[in-house]
Amino acid sequence: MNSLTIRIAYADTDQMGVVYYGNYFTFFERGRTEWLREIGLEYTKIEERGFYFPVIYAECKYIASAKYDDLITVETKLTGITAASITCSYKVKCADKILVSATTKHPFVNKDLKPVRFPKDIRELLEKHLEKEE
Amino acid sequence: MNSLTIRIAYADTDQMGVVYYGNYFTFFERGRTEWLREIGLEYTKIEERGFYFPVIYAECKYIASAKYDDLITVETKLTGITAASITCSYKVKCADKILVSATTKHPFVNKDLKPVRFPKDIRELLEKHLEKEE
Amino acid sequence: MNSLTIRIAYADTDQMGVVYYGNYFTFFERGRTEWLREIGLEYTKIEERGFYFPVIYAECKYIASAKYDDLITVETKLTGITAASITCSYKVKCADKILVSATTKHPFVNKDLKPVRFPKDIRELLEKHLEKEE
Amino acid sequence: MNSLTIRIAYADTDQMGVVYYGNYFTFFERGRTEWLREIGLEYTKIEERGFYFPVIYAECKYIASAKYDDLITVETKLTGITAASITCSYKVKCADKILVSATTKHPFVNKDLKPVRFPKDIRELLEKHLEKEE
């Protein structure tokens, strides 16, 4: 699991005084990128090898609101692997309170956006970091 | 069902050359607002009466990509009502091809963000516009 | 001059209840794109010929605030041409009140992002639509 | 001068493969907030006292492009004070190369958005941190 801290800016909020619901998906992307970096699989390196992780599914439960200047934590982990896709799970917390819980699914594709099986090294690395969904 | 046309801007895209996955949620909000206006329930009027429709759940399936300058259509309809919440469903299309299919769920809350039952007029109006999920 | 109408969404606002200052630059981009289309110089066609109009300078005066659900108008016109760049000017209005006044400057570049002189047809078309700064 | 490090996400980029020009204004806001915190004038505390720093002017020179996964630095300093406004200056750098240079101007206003003179403590604190524009 990777834990990334993000400071909420005015730019992230809307007129209800809380983070706009669509902006959490940017936080998930940031968490996912740092999780990949942490396990030694930098996304820029994946792209250099000609592969991509687009998003085919995203689901988000909004439990409580993040507010301006809050210091939130995005916890990202890998909770599913198939031969050609991964599922990531996220918890956004503020001072140990869960604000948001989410899942995204990513096929592994080549430059033509065709799904491809993971190369052996990437598959082994991912499997080593598979965690249980709570 | 409301049908809203949106032109994709550079601002909506990312370096993969397609619309960033998180930006669709803004399109859903725009669709939802226009659907409410179309059935005679402008969101600004709802807020003036002291009520809000925050988001507690969002789910999105990404089927194909919208690209820069595409003229997309966001089709929004009401596919669920309870005593104190609604579920909206969305199809994003480009030239009749479905790009994205999504659902959002919204409790009806008062100024203190407490869930409240719909006033009779709002409930009746919503029920009149309930449609089947395809 | 092109006149583009935009409906302000929750996504555009911040917790002060007005449009976030950085979001106007997206509105200017939308205006610029529609102005180019209107004069017969679609940006996608420019890119197909291997040219781009990146931004090297932007300036914005904020006079009054756009609010949620406002129907704003972005007026875009060409107010400057050199051998290899253009300057666009914008007025954002709501019900004839000027909210924002801005300028952006764009070099004409090739695929290597090197500034290049305008091809004759593009230069002539641009010159025909040069307008005075108010 | 405050120095804030930001990692560029996919969300920040556009289809040209660089940071979208409008997104830098969010980076400036983040830099400004951290500069205020650093000098002991947290923006949330200013708001609690009933004051705000809206933006009335922004200017930005784009020199080179930030790219996905770049670790950029936003350097923020105060370069101007009047009786009721401040001017902030920004340099965005990547590995000591200047990418962007910008200025924003902020009136000091009360809850009715009327410009007001700085309270003595805030004025003294700001004056102590005034720096020269390079």
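Letters are used for the chains, namely A, B, C and D, taken in the order the chains are written, and counting of residues starts over at 1 for each.
We take it that a residue touches a chain if its C-beta (ideal position, glycine included) is under 8 Å from a C-beta of that chain, and two chains touch if they have at least 3 such contacts.
What you are looking at is a predicted structure, and each value in this text was computed from that prediction instead of being measured.
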Check your understanding: Taking shared residue numbers divided by all residue numbers at the interface, is the value for chain A and chain B over half (same) or under half (different)?
Key -> same
Check your understanding: Measuring centre to centre, with centres taken as mean CA positions, what chain is farthest from chain D?
Key -> B
Exercise for review: Take the average of all CA coordinates in chain A, do the same for chain C, and state the distance between these two points in whole angstrom.
Suggested key: 34
Revision key, fill the gap. CA centroids of chain A and chain B: separation to the nearest Å works out as 24
Exercise for review: List the centre-to-centre spacing of chain A and chain D in whole Å, with centres computed as mean CA coordinates.
Suggested key: 28
Practice item. Could you list the positions in chain B whose residues touch two or more of the other chains? Key: 10-11, 16, 22, 25-26, 29, 68
Practice item. Would you pull the chain D residues touching chain B in the complex into a rising list? Key: 10-11, 13-18, 20, 22, 68
Check your understanding: Which part of chain A faces chain B closely enough to touch in the complex?
Key -> 16, 21-26, 29, 52, 54-63
Exercise for review: Could you pull out which chain B residues touch chain C in their complex?
Suggested key: 7, 9-11, 25-26, 29-30, 33, 42-44, 68-69
